[in-house]
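Across the two complexes that follow, chain A remains constant while its partner is chain B and subsequently chain C.
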Partner chain A sequence: MRTNSRNFYLIPYVLWIALFVVTPLLLVLYYSFFDIEGHFTLENYRKFFTPVYLKMTLSSFWYAFLITLFSLLIAYPTAYLLTKTKHKQLWLLLIILPSWINLLLKAYAFLGIFGTYGAANSFLEALGIGGRQILFTDFSFIFVSVYIFLPFMILPIFNSLDELNPTLLDASNDLGGSSWVTFKRVIFPLTLDGVKAGCQIVFIPALSLFMLTRLIAGNRVITLGTAIEQHFLVTQDWGMGSTIAVFLIIAMVFIMVLTGRRKRGIL
Partner chain B sequence: MKKLIQALAAVLIVSFALLYIVSGLNSSQGYTSGNTLTIFNWGDYIDADLVKKFEQETGIKVIYETFDSNEAMMTKIEQGGTAYDIAVPSEYAIEKMKEEDLLLPVDHSKIPNLKYIDQRFMDLPFDPGNEYSIPYFWGTVGILYNTDILGDKKITSWNDLWDPELKNQILLIDGAREVMGMGLNSLHYSLNDKNKDHLTEAKEKLDGLTPNIKAIVGDEIRMLMENDEAGIGVVWSGTAQELMWEKDNLEYVVPEEGSNLWFDNMVIPKTAKNPEAAHQFMNFILDPENAAQNTEYVGYSTPNKEALKYMDEETTTDERFYPDEELTARLEVYENLGKKMLAYYNELYLEFKMHKK
Partner chain C sequence: MKKIRKWPAIYLALIFIILYAPILYLIFYSFNSGGTMYQFEGFTLDWYRELLTDTRLLIIVLNTVIIALLSAAISTIIGVAGALAIAYARKRRVKNTLLSLNNVLIVSPDVIIGASFLILFTMIGLKLGFVSVLLAHIAFSVPIVVLMVLPKIEEMSTSMIYAAMDLGASRFDVLTKVILPYITPGIFAGFFMALTYSLDDFAVTFFVTGNGFTTLSVEIYSLARRGVSLNINALSALLFLFTIILVAGYYFITKRNEKPNGMGVRQ
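The block that comes next holds the complex of A and B.
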């Protein structure tokens, strides 16, 4: 009876997973085997291995890597400083706040800021560096993406730093470890799980960014996400779109495994 | 177990109560099924005052939704989630929707104002006898340029865009057919060319344009041109007209090699719930005064001959927006290329977009 009722409680959960996770994945896989005229084919998979799509995959990974790297470089010190502040919850809230605003709205705001006559350029002029093209460059694309993903990188790192047992730092200190050694040998290894989680949360969506590539990078950056969008909405070649999606999913699973958490037995 | 049932029951009760409140609200505002008209149109493509006027005159409530590409619109109509009574596709989309049996025939006897439409825009190849569609607006694709930025430089043709002096000055609209068409036209091929060699040639020619291209964008092009962000934008005529009304430093030209001539027509999708009201609305829009008001708001060219009389003469005699027959003869209407060819166009377009500077 007990197991019965427990299974009963599982129903909504199983239904949800089946309807909104498993079915869509299967549909994507199913569509990927059909060409534009609805014939069964493996052609889409062959096409994926042509230079066009391989190049696109490479550039997606490259940009996602850059975005993750810069997010990490900014997020780690920020998270570290946050744990040292007095009102950390308040500061944390302020950092997370922008992520409540719709991504598109933020992108449009940057269109104005980075424009030829925008705030960023007037600032550069005032500094005497002179105006330059910021919008529609690799720089603006990575900058805006990092800005958007930053809170997602800070949160897990902050949590793992916050959970860090301070006695361990004292111990390291007492045993003569300099602050750099303490960081390298104690703090960083113990917060590695947070870093991994952060990288995962940033890298995976960064792989399939698509609106920003048009708004901020002016289609000078083409990622797999852009190609999927085009295939579904314009070409209506759902087969090819799905095939790209299949490869994206495979890549994501791969990354999840790579950055997967291994539970370690420290405290 | 008991708790779960209670919870489920509570959820169901709340849901039904909400549904009841919604339908109550709808009917109190006049949104009952027989009395609404659902319009599916391009963004910013009608004077909202006209919708209000129509509601007042007829007592019909209008639900207005927008789309940003023919393809997205067709996908939504095919799926049938919302029953649209009127949609406004472009010519090649109408052809496709006809093929896929998505449209209802239009009853001309219910639209007496149809007589005001210029015969030039009736009975076109994509819909012989206007059996399924009624002209709404038409226009061209051309080059909008900023005289402040370009100085004395005159732009008259597509090939002018390849000028090395225009480095990083061009904004393109993100459309495979528009951009590929530009490449084809610059080589004096047809916009509807299906010869793969010609298409590859056009793509390679476009690759050579990349140093001059600043960005390939969507509707933001309007805002970017308005802010003097770039010297040149390849845009639809209506976008150009609207901007030129606001800014004196912009000029529009239909390139001499030829360009695209397009039509947006009103149709009644098969899923329509209120075709009666749809006819009423079409007739309302074709009324010369209403058409004139709408045109002055939207900026595209009206096919309504009578409406021109109510409009500013400066606009209606402007060759760039109301080209004469000689210029129109050089323009081409998009044909439905078929899925396979369209996919090929898109593939080349994607390769072009990936071409690095």
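The block that comes next holds the complex of A and C.
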């Protein structure tokens, strides 16, 4: 490949990186040092460390954690069972299909289902539990989020399960490993990369979704994303919004390091 | 054995039901003459009729499609160049740096992308509207195209390029007659992904769209915030149909591309 040294493909691509990757991030950092009147200040950072913002950050992380956890708990068995089916690629496609439906429409569907007279309440009444307020609660927020993120969690786990060499399972069986031991010692460690990738794909957006908190949680839940949107588009306090964005970026980098994928198993 | 076999099927069926129920729920009520999403009064096509005579909405749909096609096409070009640049970078460090920068926009939460682009566009004095939305969509689609194309380039054996060069092909010939035909499936996949990302995007568009210009997602959001209106249901039914057609097309394209590859180039 040495003959191909003049790498002129670089030009448009590097331009893109400079303009749309590096510059915006620097601009966010830059704006975080200005208050709403355009004066240079560290006030935004001081404000971020007041209990109001810290509590919001904490609760945002807590919700994201719950969403990721439930997604993982539901997605892993699903991915595992999918790899066992015939025509698994087709089934996988059918699982992924809902994720291509516009997210807003899915959220909107839950406005109907979880509404006061919606299907969920009729179901509860039929069971004899009785109707209750479902929409605009923590439950509805987490349920809808898990619903939306589920395909994104299933996909990487499915891929890593699919790559798993079946002879390893036979080996484990032959050596007397029960199915639980095989799962714990062979399958799960070897698919950890998929799990990590899935967690990364779910956790970061879960920290920052703002339309769900608005539509489903009825502003009860305020995530980092909601706060940023609020500051940028409602109160027009770009400085504070940028400061929160800076912390969201830091959190994001931290999560990526934590779930960093090392391609160890593949050699 | 039979007993064990039953539970997985039930579990998978349940997942499928949960994934599809909200969408089908939406579509079901799009035929409701009652005007609510909980009491089905009678069958009607009024909502569809209203949808198709709503010129404002049709223009929004058109906008969305134009943005999606344009941004997917442009980002595919930049993305292919980027993938080539990354694949043929000579220094390992350059390659890794480019790859990490590439992934920044993929892992960044939409809110961050939206907010930082809003700052960027305001800074350079770009009026928010069609152009800003288009630029933003190109920007966040490029890395996806790169990721879809890159593996294709890397799995390509270098001896093919050497062979072409030995036979007297110019660098341009090598690119257009050897590399591009080989990576075409990747390019299609990238284009398709860019298309779906653009069609699906809400958060970024929400930030960088001005008053005059709206895409479908943003429109759905503002409609949904006002509450249930069965127009949206009818719209979602049509979109669902459209998505299925798109996915089916994609599935058959990749199916067709996979077969010769799987047999010809075994790794």
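Convention: the second predicted complex is superposed on the first by the 258 of 267 C-alpha atoms of A that agree within 3 Å, B and C clash if a C-alpha of one lies under 4 Å from a C-alpha of the other, contacts with A are read in each partner's own complex, and residues count from 1 in each chain.
Here is the rule we go by: contacts are C-beta pairs under 8 Å (C-beta built on N, C-alpha and C of every residue); 3 or more make two chains touch, one makes a residue touch a chain.
Keep in mind it's a predicted model, so treat the numbers as computed, not measured.
Thinking of the overlay built on chain A, is A:A245 touched by chain B (first), by chain C (second), by both, or by neither?
second
Quick one: classify A:G115 as touching chain B (first), chain C (second), both or neither.
So A:G115 meets both chain B and chain C here.
Between chain B (first) and chain C (second), which does A:K55 come into contact with in this model arrangement: first, second, both, or neither?
In the superposition, A:K55 contacts chain B only.
State whether A:R214 touches chain B only (first), chain C only (second), both chains, or neither.
It touches chain B and chain C both.
Residues of chain A touched: more by chain B or chain C?
Residues of chain A touched, chain B against chain C: more for C.
Once the structures are superposed on A, label A:I17 by its partner contacts, choosing first (chain B), second (chain C), both or neither.
The answer is second: A:I17 touches chain C but not chain B.
Looking at the overlay, what does A:Y147 touch: chain B (first), chain C (second), both, or neither?
The answer is second: A:Y147 touches chain C but not chain B.
What is the contact status of A:I36 with respect to chain B (first) and chain C (second): first, second, both, or neither?
In the superposed model, A:I36 contacts chain B only, not chain C.
Name the contact category of A:A171: first (chain B only), second (chain C only), both, or neither.
In the superposition, A:A171 contacts neither chain B nor chain C.
Looking at the overlay, what does A:Y9 touch: chain B (first), chain C (second), both, or neither?
both
By the touch definition above, which chain A residues appear in both interfaces, chain B in one complex and chain C in the other?
Correct list for chain A: 5, 9, 111, 115, 117, 214-215, 233.
In the complex, go through chain C and note every residue touching chain A.
8, 11-12, 15-16, 18-23, 25-26, 29, 36-39, 77-78, 81-82, 84-85, 88-90, 98, 101-102, 104-105, 107-120, 123, 135, 139, 142, 146, 158, 161, 165, 171, 196, 199-200, 202-203, 206-207, 216-217, 220-221, 224-225, 227-228, 232, 235-236, 239-240, 243-244, 246-247, 251
List the residues on chain A that touch chain C in their complex, please.
1-5, 7, 9-14, 16-17, 19-25, 27-28, 31, 74, 77-78, 81-82, 84-85, 90-91, 93-95, 97-98, 100-113, 115, 117-119, 122, 147, 150-151, 200, 204-205, 207-211, 214-215, 224-225, 228-229, 232-233, 238, 241-242, 245, 248-249, 252, 256
For the complex, which residues does chain A have touching chain B?
Listed in rising order, the residues are 5, 8-9, 36-37, 52, 55-56, 59, 111, 115-117, 133, 135-136, 214-215, 217-220, 222, 227, 230-231, 233-237, 240.
Can you check the complex and tell me which residues of chain B touch chain A?
1, 4, 69, 71-72, 75, 168, 171, 174, 176, 214-218, 220, 223-224, 227-229, 339-340, 342-343, 346-347, 350-351, 353-354, 357
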